[in-house]
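Right, one structure below, let's go through it.
For clarity, chains are labelled A, B, C, D, E and F in written order, and residue numbers in each chain start from 1.
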Amino acid sequence: MFDSLNLPVPAIAGTLPIVGQAPERPDPHLIDQLKAVGTATASALMHRMGVRQTFIEGPLPRMPGAKVVGPVVTLQFMPRREDVIAGIAPGEGEEQLEKSTALWSVFETVQPGDILAVQAFGDLKTGCMGDMLITFFKGRGGIGIVVDGCIRDWPRVKNIGTPVWTRGFTPNYASQSTLLPWAVNVPIACSDVLVIPGDVMIADGDGVVLVPAKMVPLVLEHGLDHDEWEEFSRARLSEGGNIRKYYPLSEEGMAEYEAWKKARVDQD
Amino acid sequence: MFDSLNLPVPAIAGTLPIVGQAPERPDPHLIDQLKAVGTATASALMHRMGVRQTFIEGPLPRMPGAKVVGPVVTLQFMPRREDVIAGIAPGEGEEQLEKSTALWSVFETVQPGDILAVQAFGDLKTGCMGDMLITFFKGRGGIGIVVDGCIRDWPRVKNIGTPVWTRGFTPNYASQSTLLPWAVNVPIACSDVLVIPGDVMIADGDGVVLVPAKMVPLVLEHGLDHDEWEEFSRARLSEGGNIRKYYPLSEEGMAEYEAWKKARVDQD
Amino acid sequence: MFDSLNLPVPAIAGTLPIVGQAPERPDPHLIDQLKAVGTATASALMHRMGVRQTFIEGPLPRMPGAKVVGPVVTLQFMPRREDVIAGIAPGEGEEQLEKSTALWSVFETVQPGDILAVQAFGDLKTGCMGDMLITFFKGRGGIGIVVDGCIRDWPRVKNIGTPVWTRGFTPNYASQSTLLPWAVNVPIACSDVLVIPGDVMIADGDGVVLVPAKMVPLVLEHGLDHDEWEEFSRARLSEGGNIRKYYPLSEEGMAEYEAWKKARVDQD
Amino acid sequence: MFDSLNLPVPAIAGTLPIVGQAPERPDPHLIDQLKAVGTATASALMHRMGVRQTFIEGPLPRMPGAKVVGPVVTLQFMPRREDVIAGIAPGEGEEQLEKSTALWSVFETVQPGDILAVQAFGDLKTGCMGDMLITFFKGRGGIGIVVDGCIRDWPRVKNIGTPVWTRGFTPNYASQSTLLPWAVNVPIACSDVLVIPGDVMIADGDGVVLVPAKMVPLVLEHGLDHDEWEEFSRARLSEGGNIRKYYPLSEEGMAEYEAWKKARVDQD
Amino acid sequence: MFDSLNLPVPAIAGTLPIVGQAPERPDPHLIDQLKAVGTATASALMHRMGVRQTFIEGPLPRMPGAKVVGPVVTLQFMPRREDVIAGIAPGEGEEQLEKSTALWSVFETVQPGDILAVQAFGDLKTGCMGDMLITFFKGRGGIGIVVDGCIRDWPRVKNIGTPVWTRGFTPNYASQSTLLPWAVNVPIACSDVLVIPGDVMIADGDGVVLVPAKMVPLVLEHGLDHDEWEEFSRARLSEGGNIRKYYPLSEEGMAEYEAWKKARVDQD
Amino acid sequence: MFDSLNLPVPAIAGTLPIVGQAPERPDPHLIDQLKAVGTATASALMHRMGVRQTFIEGPLPRMPGAKVVGPVVTLQFMPRREDVIAGIAPGEGEEQLEKSTALWSVFETVQPGDILAVQAFGDLKTGCMGDMLITFFKGRGGIGIVVDGCIRDWPRVKNIGTPVWTRGFTPNYASQSTLLPWAVNVPIACSDVLVIPGDVMIADGDGVVLVPAKMVPLVLEHGLDHDEWEEFSRARLSEGGNIRKYYPLSEEGMAEYEAWKKARVDQD
């Protein structure tokens, strides 16, 4: 009755993909230091500073033991509309068509040390990317991928070695289901966290925490010290120490810790 | 320990709200004609044309019997981040602050006949707007509101008389929960439908259907005829007519319908 | 690349729709008596008899005040598969095609007093039927429709006056989404209740309760008496009676009830 | 094989129902004043004071137009365990057994003006109470019921006239499904709001908001004024007033409001 | 009060389990070839051919690294009804009773190379089978099990070595919760995929994809070639090749691939 | 505008945490014997005895291969309320404040062999405890932790070696989200199972099953024998035995088993 290839195309289709400014990456030295801060410490500190939604609930760690810290490039999916698709790459077949979307574009913006974050509305039937693009991602120096949705080709991706945090896996490809790759390096909603390109993610076995770019120094200032006294407390607790004295440090515990710290510094 | 008012502000906060181009509204004459087409007919036609995601599942009709048809202005929420909020209107208290967001801006773009569509991620704890803004909306000639989330002040809104389609109601205000008004007149995800400003919505007791602006003539062309033969069939069925003959029209039914239609035109 | 019309068709497509035996309807006199028993009483009695899953959670009453009691004819949807569809009515267009499915067949089996129950897996995007079929249903004497999913054309269906219990409404038609009308008068899963054609449903403002055909006499035997003493208790409680005496009846309350009942019979 | 009536009974069963202290009700004069404050104003004020979880998401208003304000008595369900049930009222049949639970006890603690709040874990298959108990509740002067779950006998309850806020309706009775009435007048989790007996609820068409007993004066102090300037703003907006001036009041709008207020007082 | 063993039994109980025709298995040679095609390739190809619902979302791979391909035998659960159960094997105790259901029957139809697929409505509290039946399954040559629900005895099943795809695990047995084994080798709804006995499943670390029996040759024809050029592209990308040239192959990339392929064939 | 530190405090805050009586632990000899009974056997037996809700659906095993059996101490979270928090430890900073809650208290009640069970309403954003408290837990001899919610610090907790069953992981700390540690050693709702302190849990790769303290002897009596004949049947089935003879044991199978058992005893 109808021929979907001849659908009238909305003007915006001709401007796709939407591509935001390349993000300014934070000082690599700060990123290096941040590796010593855990997701738990970072999340707690930002909460106390008044920033409450930093944990990206949903994407689970898929590579046991992996931890990555780095600046974020973003990819945004939007709901699929066939009249829009008809205008993205007129004359191309469906397989070549994806090349003209945000999906291919975002990978070309990746720089060494980057983390790719994807807004996919938690969808469980869209495979946002597969082993080919992730192979390419690794080649460009990307260090981790966080998807509020799924990827495909998990058996092969696992072998590539790039850590991923996802809601799951599916054999479906990126525009086989209800979504469409839409924009690159724009602010995204990753689960219920606002992610701005250039922000920093800490991702480990507890999940993924976002640190706004400008808050990295604040988190470092308080986080490094926090993780140091936790190391002290952990040692004491494993030797049978009193939980009320050592966690968190009571005044008495703090004094003991200061002494321990001083001794350690003197030793070095 | 910390003072959230002194959070370092990301650069983008200074550019908020993001405001897209005012949408081009379709020819009002076409909108008028479209009022004769039901959501069911429109949704079915577009599906046959190859556009599958046009029904906005989630927002329910809250004003029994209401039906509206009109072009769409859009409001987009994003996840709340306190460091962003700190930069929206520095020095303003929280209550005045909302005025500086997309929430106030969008209402000032409303023209007579417009429908306001809101991306709120289906959230059940954010009251995207209340009776004050809806009073103002009505004053500007707006005819209906579709929210993929909730509004507040329902007891008063009901009395204003502006039809709304929402997921529910809540007493919470727009930035009391996990979201933040972010952008105006940009493409949005309303449930799993992509809505571009200037597209047309048909909203009635079955829910809300999106018609891409350029597809309005197509839907009219096929939809008006469709609704006419359905009127004929309905009459026959209520008189005990055979379902296989009259719905949809078999060849025999079609002939009878053509005769009935001709007779009707001749009569006029 | 491919032409879906030429998909190889599985053999079963040629045998669709699957049509079970016409159900034996229970004695209409029993159905008449059952009208005096409420859903709450029936559900409670069957639970005490050991049958636990009789309340069909999900479909809500859409016609305020309506109550229907009657034997059930069933319609079963299954997941949509385009290769199956291609074989249902080869050569027919999509609109005529539905006519060859279980959807049209089931309505032709309806007899006066019947309730139509539909297995639709709770789907919120499939409109299992619309006003045309329901007009026809009413014409055949059907008295109510229970759908574990949605229907469409609600604004018109409301005016037909046939009570419906559904999960919601949608403008989509029956095979526009992920389901396909599959079988008629076979046992179905309506929410988590097993419904066998010829079983009896009691549907009111609390929802829908299934009574297995052979259990109708048991429910009547205990239910009619139950509802009579509740009438007595309700009167006493509204006059300030003691809850422990009157609900449920204590020994003392029971004696008082027996006297009241006797007086009432004597009066007649 | 086994006889469930002879299950070994845990000691705690003998102490059921758990009954907390009768709550101290707030000064009725304060309750009276609070009626002038809407749920939206109360929720917003408490949020600004730092108390974030006061809206009880889930229970919907079932009586159009109803609004109640009053102190709370609480009923807590817990998961059902047959060995516990066996010990609640040994020797009683199942129907009499409920009388020995928290369900009957809580109604006997109701005083005029009270609201009953029920923790039922959002369960959709347990009818926490029916028309008999609600008839009794009304007789004792109770004014409203808020259930994080369902009630049964809705067709009759609607006629009693006591406003209810529930997740839904079901014909099942209170211990027919997976829950058991457990405790009376203890702190409860009503959706994700902590409700302490004697706290105050404001319930209207937007839903239910909790006001901690000791915060009532604070809410009154700020809320009454808030609702007064909103009345002024609403009038201005409906006459075409500027949204930025009148909502919320800008400095200029505030001056105008103060003048309007003074004039009104002088008039009286 | 009542004795559930004496419930009146519906006639259908005497005909249970429902047993469909033994499926015709596809040519084993085709199955062998299909092992070279991945779930992602198969799912993408069928989508392009117009068959959209082939990925069985829900059941996750539980045996890392496992991949199986084979024809399907099916088991269908339905909601539990005690009056039906009472008629399945009158006089048998509950434990022996399961033997008379579809659960035992289906395992006796298994042939070497078969995959067992189970419709269990995604239920998380029913353990559809345990280590005993799976031991027997392996003994008959079954190669994999896909359950839209759970199994039990996971610690032992893991040691058996038969790969399973499930929604989860539970200690409950097959009719301990809300379901009942109902039919064998009938078409089933496995998540939202229609599975006809004799269809073929490809199951790997991405999940499970259904290939209709008659579509196997089509999938082979296009899939084998697809996987060959992907192998070529993967190699190029891992050496730093250009994504737009190699994935998917541009005209230039295709030429290079053809040369590579020819060289490879010549070599052999 | 407001200072949340000066919120008026409800009286109950001064009595927090609520601490129940230390549970009486069952005879350690019985616990030892119970280790031979699997979760599947225990769950099935209790179901046949009439106790239906013993499987704690939700928390998944996180330590592959782990199995623990022991008496339960309980921790109950309730929804967070800032006015309550303000009264828990007036004058303390937020970090020290948690020390004054039920979270610290419960760990001090742990005895060797105990399992800690936590009611956290299935919340996915609250990290109920982290590596410090679990280090302390292990030091006190605790053997396993079951949380109807999440914990944090998973990468470190995994190394501690204490088996945990949780819904997931999060970097958030215990009162960072919507909950508050409330009570110790009171009856709790763990998923939809009622857990009384001193009850026994069996937790393995299938999940967690609750055995009421007084039912331990009953479960032992029937469970040990059950597991013995299953061992016999498993051996027969793996040698190709007939499923109907060996599982469950038919009369013939039982005779064979009795002989096998006797032979085994004689051998020892």
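As a working rule, contacts are C-beta pairs under 8 Å (C-beta built on N, C-alpha and C of every residue); 3 or more make two chains touch, one makes a residue touch a chain.
Computed from a prediction, not measured in an experiment: that's the story for all the values here.
Undergrad: Quick one: which of A-B, C-D or D-F reuses the B-C interface, over half of the residue-numbered contact pairs in common?
TA: Same contacts by residue number as B-C, out of A-B, C-D or D-F: C-D.
Undergrad: Give the rotation angle, in degrees and rounded to the nearest 5, that superposes the C-alpha atoms of chain A onto those of its identical copy chain B.
TA: Resulting rotation angle: about 180 degrees.
Undergrad: Is it true that over half of the residue numbers where chain C touches chain D are used by both copies, so same, or is it different?
TA: different
Undergrad: If you average the CA atoms of chain C and of chain E, how far apart do the two points sit, in angstrom?
TA: Chain centres of chain C and chain E, defined by C-alpha means, are spaced 33 Å apart.
Undergrad: Taking each chain's centre as the mean of its CA atoms, how far is chain B from chain E in angstrom?
TA: 41
Undergrad: How big is the gap, in whole Å, between where the Cα atoms of chain D centre and where those of chain E centre?
TA: Their C-alpha centroids are separated by 48 Å.
Undergrad: Identify all positions of chain C at which a residue touches two or more other chains, and write them in rising order.
TA: Within chain C, the residues that touch at least two other chains are 1, 48, 94.
Undergrad: Quick one: which bits of chain D touch chain C in the complex? Just the residue numbers, please.
TA: Per the stated touch rule, the residues are 94-96, 98-99, 104, 107-108, 124-125, 127, 130-133, 135-136, 139, 152-155, 158, 168-173, 176.
Undergrad: Given the complex with chain D, which residues does chain C contribute to the contact?
TA: 38-40, 42-44, 47-48, 55, 57, 60, 65, 67, 204-207, 209, 230, 233-234, 237-238, 240, 243-244, 246-248, 250
Undergrad: What residues on chain D touch chain F, complex-wise?
TA: Against chain F, the touching part of chain D is residues 1-2, 4, 7-10, 12, 48-53, 78-84, 121, 178, 180, 187, 189, 192-194, 196, 199, 212-215, 218.
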